[in-house]
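Would you mind keeping the following structure in view while I ask a few things?
Which chain is which? They are A, B, C and D, in the order written, and residues in each are numbered from 1.
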Amino acid sequence: MKNTIGNLFTVTLFGESHGEAIGVVLDGVPAGIEINQELFEHQMFLRKPKGTISTQRHETDEVKMISGIFENKTTGAPCCMLIENKDQHSKDYSKIKDIARPSHADYAANMKYNGYQDYRGGGHFSGRLTAPLVAAGAIAIQLLQSKGITMGTHVLQLHDIQDDAFSSNLNQCKEQIDRINQLEFALINEDKKDEMIQRIDDARMNLDAVGGVLETCVMGMPAGVGEPAFDSIESRLSHALFSIGAVKGVEFGLGFGFKDKMASEVNDEFEVVDDVIVTKTNNNGGINGGITNGMPLLFKTVVKPTASISRHQNSVNFKTNENVDLVIQGRHDPAIIHRARVVVDSMTAITLVDCLIERYGIVWFQGGQQ
Amino acid sequence: MKNTIGNLFTVTLFGESHGEAIGVVLDGVPAGIEINQELFEHQMFLRKPKGTISTQRHETDEVKMISGIFENKTTGAPCCMLIENKDQHSKDYSKIKDIARPSHADYAANMKYNGYQDYRGGGHFSGRLTAPLVAAGAIAIQLLQSKGITMGTHVLQLHDIQDDAFSSNLNQCKEQIDRINQLEFALINEDKKDEMIQRIDDARMNLDAVGGVLETCVMGMPAGVGEPAFDSIESRLSHALFSIGAVKGVEFGLGFGFKDKMASEVNDEFEVVDDVIVTKTNNNGGINGGITNGMPLLFKTVVKPTASISRHQNSVNFKTNENVDLVIQGRHDPAIIHRARVVVDSMTAITLVDCLIERYGIVWFQGGQQ
Amino acid sequence: MKNTIGNLFTVTLFGESHGEAIGVVLDGVPAGIEINQELFEHQMFLRKPKGTISTQRHETDEVKMISGIFENKTTGAPCCMLIENKDQHSKDYSKIKDIARPSHADYAANMKYNGYQDYRGGGHFSGRLTAPLVAAGAIAIQLLQSKGITMGTHVLQLHDIQDDAFSSNLNQCKEQIDRINQLEFALINEDKKDEMIQRIDDARMNLDAVGGVLETCVMGMPAGVGEPAFDSIESRLSHALFSIGAVKGVEFGLGFGFKDKMASEVNDEFEVVDDVIVTKTNNNGGINGGITNGMPLLFKTVVKPTASISRHQNSVNFKTNENVDLVIQGRHDPAIIHRARVVVDSMTAITLVDCLIERYGIVWFQGGQQ
Amino acid sequence: MKNTIGNLFTVTLFGESHGEAIGVVLDGVPAGIEINQELFEHQMFLRKPKGTISTQRHETDEVKMISGIFENKTTGAPCCMLIENKDQHSKDYSKIKDIARPSHADYAANMKYNGYQDYRGGGHFSGRLTAPLVAAGAIAIQLLQSKGITMGTHVLQLHDIQDDAFSSNLNQCKEQIDRINQLEFALINEDKKDEMIQRIDDARMNLDAVGGVLETCVMGMPAGVGEPAFDSIESRLSHALFSIGAVKGVEFGLGFGFKDKMASEVNDEFEVVDDVIVTKTNNNGGINGGITNGMPLLFKTVVKPTASISRHQNSVNFKTNENVDLVIQGRHDPAIIHRARVVVDSMTAITLVDCLIERYGIVWFQGGQQ
């Protein structure tokens, strides 16, 4: 379904970096939900480029609610949310029209669209399209919160600097989630912030860029959600997460850490605590057989270094089939990982709301008779 | 879509470990394809448990073609392929009916299905259901081969023993693929085989189990396949790969290796070689912006140690909500990774055929007028 | 999705008239439903050819439950139901291989499948494939009944002989539904039976065939089910109904009768009766704006005369591109409409269960904790 | 999928009558198609209310291309097309907020959305939402034309006044299609125009409304498109057609006319004419077994009289559960059928492009390398 994701709660994405506007249509929205404007704006704020560690392109990212909202409540009809593009530089993109920026979509897009793609600023492939995803995600996060489900994502690693991981103590973990959700630069151990910021700034000074690893935790998911085969929670979440441009790996629970372990070391034994069934460890990240088991969902995504750098790079002109020497002009992000965390939360929330509606029906989320 | 995967080329999976039979319905099959029986049986053979390093459950895994095949050619109608269950032990499963085996789906399934799931031998969650997937995959692999697309998967790491990675030299890589596809225990460096077998046997002797990492390479994919947003090749493949029971992580190209690299170290520069546009490195695993760029698709999946082990484990009875001491009886696999490789190939092929049909149409694959 | 229908409650159809077997995979089945064997067999019985007014091909149509049922209850895993083909005549079909039977799928299929289709007895296009649909439908009907939703279909018109329509009195209508569901030849006014049977027999004697119109009524559907745009109840139902081979028209409520009416004559005015909101008339067949309004769903389907007749007909050989004179050998149905009624009920039930699960969730239907 | 239709070529609809704007996202658009502005505007013009026989609400219906178009060519990225709402009367809708207009969606919507729906002017159910469908349809029609496929729809019957049907002579039929596509009031026999206009005007004077029957013909569809079971061409088209508000019946070929015919009267015999296989009659409307047979697609849709009339009608207040006497204020359409014809063409084209892409791939339609 190309630019639409979801079965019952669906997001359709459109727009290009230098077009008129970018946006989403969110469908399958339960009626009668009053939009939490504070949460909405907070999420949009978290994604916005800020300071010297992000691109200097400045957009207001003001979201216009085109449809599906009436008197600040959802109506049940599809919500189109539009963000106008304003800060488009008038520079002449046509000279880079046929040049493949390394690790960018330019060449692949040219092969797919026969040269008709909007090449300005990455077009439909621009990271700017994560803004409407965050807008859609804000509504999804609000829906989850209404059912006691909370989530958070932090920068577990930036280049070789590591943050602490989520605590295995559920109460502490809950506090960590609440805290990082308030932070612009989401860290469990905030002492690492200066070092990370410095590393990003160094990258910027070196006309380079860095990536890292995000860790996400979702608490409060009821057990029994997901499907055994092709719609495992892992399948659904990874599908959504890999739609984020720079994500090149996803792992659940111990993930690649399973590779050199014995089963006896990593099996999650069950136990009854206060009449509730839990697992002693959570190496499976809250998912058994593709289905939630009631423990926190835990997963990591790797975000590669931003491909746009201002250094000299070798490349090709795919129209003339010639090698060229390339310097990418423009305003680059030396890191996006600290902003990508809110995109990860958004795609996660969108996916989980869809899974929950499949199980409990849209009426579960819907507001009572007005 | 729960037990159906794919948009145009779809696989619907059914069956339980101890039911009548297991099987798939493969739909959207191009007509006029003569089934390559040798390939088909070879793939089924690769998945079968063999020797002491696998479960002692022995099934013939004979595939009955119920529909969609006529005079050994596909008709275009859905292919139902059925594998009867024969080696079901008559033991009394009812005593473990309400016990949650650690890291198994039992408890999550109980929460999902309210206790009505077929609990015998894992039921619909059994690894045995990968057999029909391999049958479907064999047809998909054949379709890819008809377009010059080949693939292979090897055991890159088993516990802490490492195999060589695929060569970055395309000709050598092609040879490696051809070679490992003939091997029961797929390794690029076959010198590692004895050590790995020994490690598995040790695990078995210790009533334990091991996992590892699989590396997959697909050569010959045309550039321009995949979608920018939610149907990126990474999204589609990961969705399929995470439907394999023991897979807990998927990464493309350098994957988690990107985390501590600078962009300048890992960007894949383009160059023209013999009039063909290639990248000098392939850290992005043949995918830019979600779309194939003509380079080999490269990805890794981590396979966790088999959860079924015969050791004492703590667990719970989820009916009585009591802690129990558990020893899982039965015939276990001390490792499945060497067999999982063919399941990975199968799910990969199924996914790629679907993506290719979306772009080129079913007529691209179809046999000429009879 | 070709041979799969439904969003959450899905039916995947496979098989050919003269293949090994025909069947369905029913997925998204709520767990813990005890199969009502009596209802199940009754539905299968209603579809079976019987007497001189149907084909003389005799099949036991015994349904084998391959998966998804355990101890006669649904497990939540996909139900594969298989019906073996037994009464295949060994006659040589190859001589009619390239002949297009008028109003049959032969020629269209040849163009689609390049000649590789299984041409024996209509192959995958055979009316015999309605048998597994009825099996799937029986489970759907049972699910609806568990929520107080009942339905029935009768032969409103056969050739030019008319039955009475469903009563606009809801109590009487309910009784009519209950009564016709017990009848092999479903009529509200059973006095018309002999005449209709005679008309079918006459057609048979004349080597000809007749069709007619079916009227369906569904009572008990809650108001508020369906979607405003592309998933209107009319869209969903018609999609399902037009998948039945001989159906060439579907109308809801007054349907084509609206064409020469003024709005003031046909608008359904609302009124409050016993504190319940109802409409005085039901010209819209229980659907406003694509959504149920709580009144009975009412629709009609036209079933064309069976295309297989034993008369001389002109046709072509599509391999040689020559005109031919054709007499179709074999066992034909002079009418199928009296059997099609149960297929209409089945497709209706399958569709409505899907719509209800989307709204109320699968847990609404599921059995309580075992 | 609620407000999204299509498998590979998809339309997502959003907006409300009195909201900010209405629009669509068209996805799966082949790249490199230069928008035919003349055709585009002509289609929009045909749908617009004009003269005394339509609502006096006047909208410019100017379509803003938000995305997916670059230098007037499609880029392959999703096309968002937006139409701002301008002529919204500021009248107080709140007094009719809880009143169910007869044969309107108000009550059903209230049951579905618990009273949160945007009730102003029908909200998301407004006929105004057909405007963006026509915009999407114009692009689909252009795609079909690029492959030699043309279509047209005319008012076969308005109230009890009949137009001629499409000619069975293919050349004449082609001319008829070309001619009616130029007409504001599409009739094959234009002599009927004055009488029909008069009938609509009479309805208007009587505060009433009329409906009728549309006949559609599509020429040039290749044989072999469509699917045998659930994705028959009839299923796909009817699904799309029943998403148009006032459509309550769809029939293919002879449709309900089959009911009192013998097979020998209506079977479509094949013959070879000038080396091409055709049928002598086209009672099946160009579809056998759900698949195109190369003959013109022929179908009829019944459009009920517009439900909005200014007469006194009985109704209910669904909040207080009381009977009320209702007079609907506002600007009504005494007929919409002459404008609905272009919506039928649009939904037909959207559906057929989707079916064709499934068979031939998106590359079939795509522009050559730029």
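Please note the rule applied: a contact is a pair of C-beta atoms (placed from the backbone, for glycine too) under 8 Å apart; a residue touches a chain by one contact, two chains touch by 3 or more.
Note that the structure is predicted; figures quoted are calculated from it, not measured.
Ranking C-D and B-C by contacting C-beta pairs places C-D first. Placing every chain at the mean of its C-alpha atoms, the farthest one from subunit D is found to be B. Centre-to-centre separation between subunit B and subunit C, using Cα means, comes to 38 Å. Averaged Cα coordinates give subunit B a centre that lies 45 Å from the centre of subunit D. Inter-chain spacing, taken between the CA centroids of subunit C and subunit D, is 27 Å. Multi-chain contact residues of subunit A (touching two or more other chains) are listed as 1-4, 7-8, 13, 77, 112-113, 124, 228. By the touch rule above, subunit D contacts subunit A in their complex via residues 1-4, 8, 10, 12-16, 19-23, 25, 27-28, 31-32, 64-68, 70, 73-80, 82, 112-118, 123-124, 366-370. Interface residues of subunit C facing subunit A in the complex, by the touch rule stated above, are 7-8, 77, 228, 357-364. Remark: subunit C residues 1-5, 7, 11, 13, 100, 102-109, 111-113, 124-125, 129, 157, 159-160, 203, 206-213, 222-232, 234-236, 238-240, 242-243, 245, 247-256, 258-264, 266-272, 275, 277, 279-280, 283-285, 287-294, 302-307, 309, 311, 313-316, 318, 321-323 touch subunit D in the complex.
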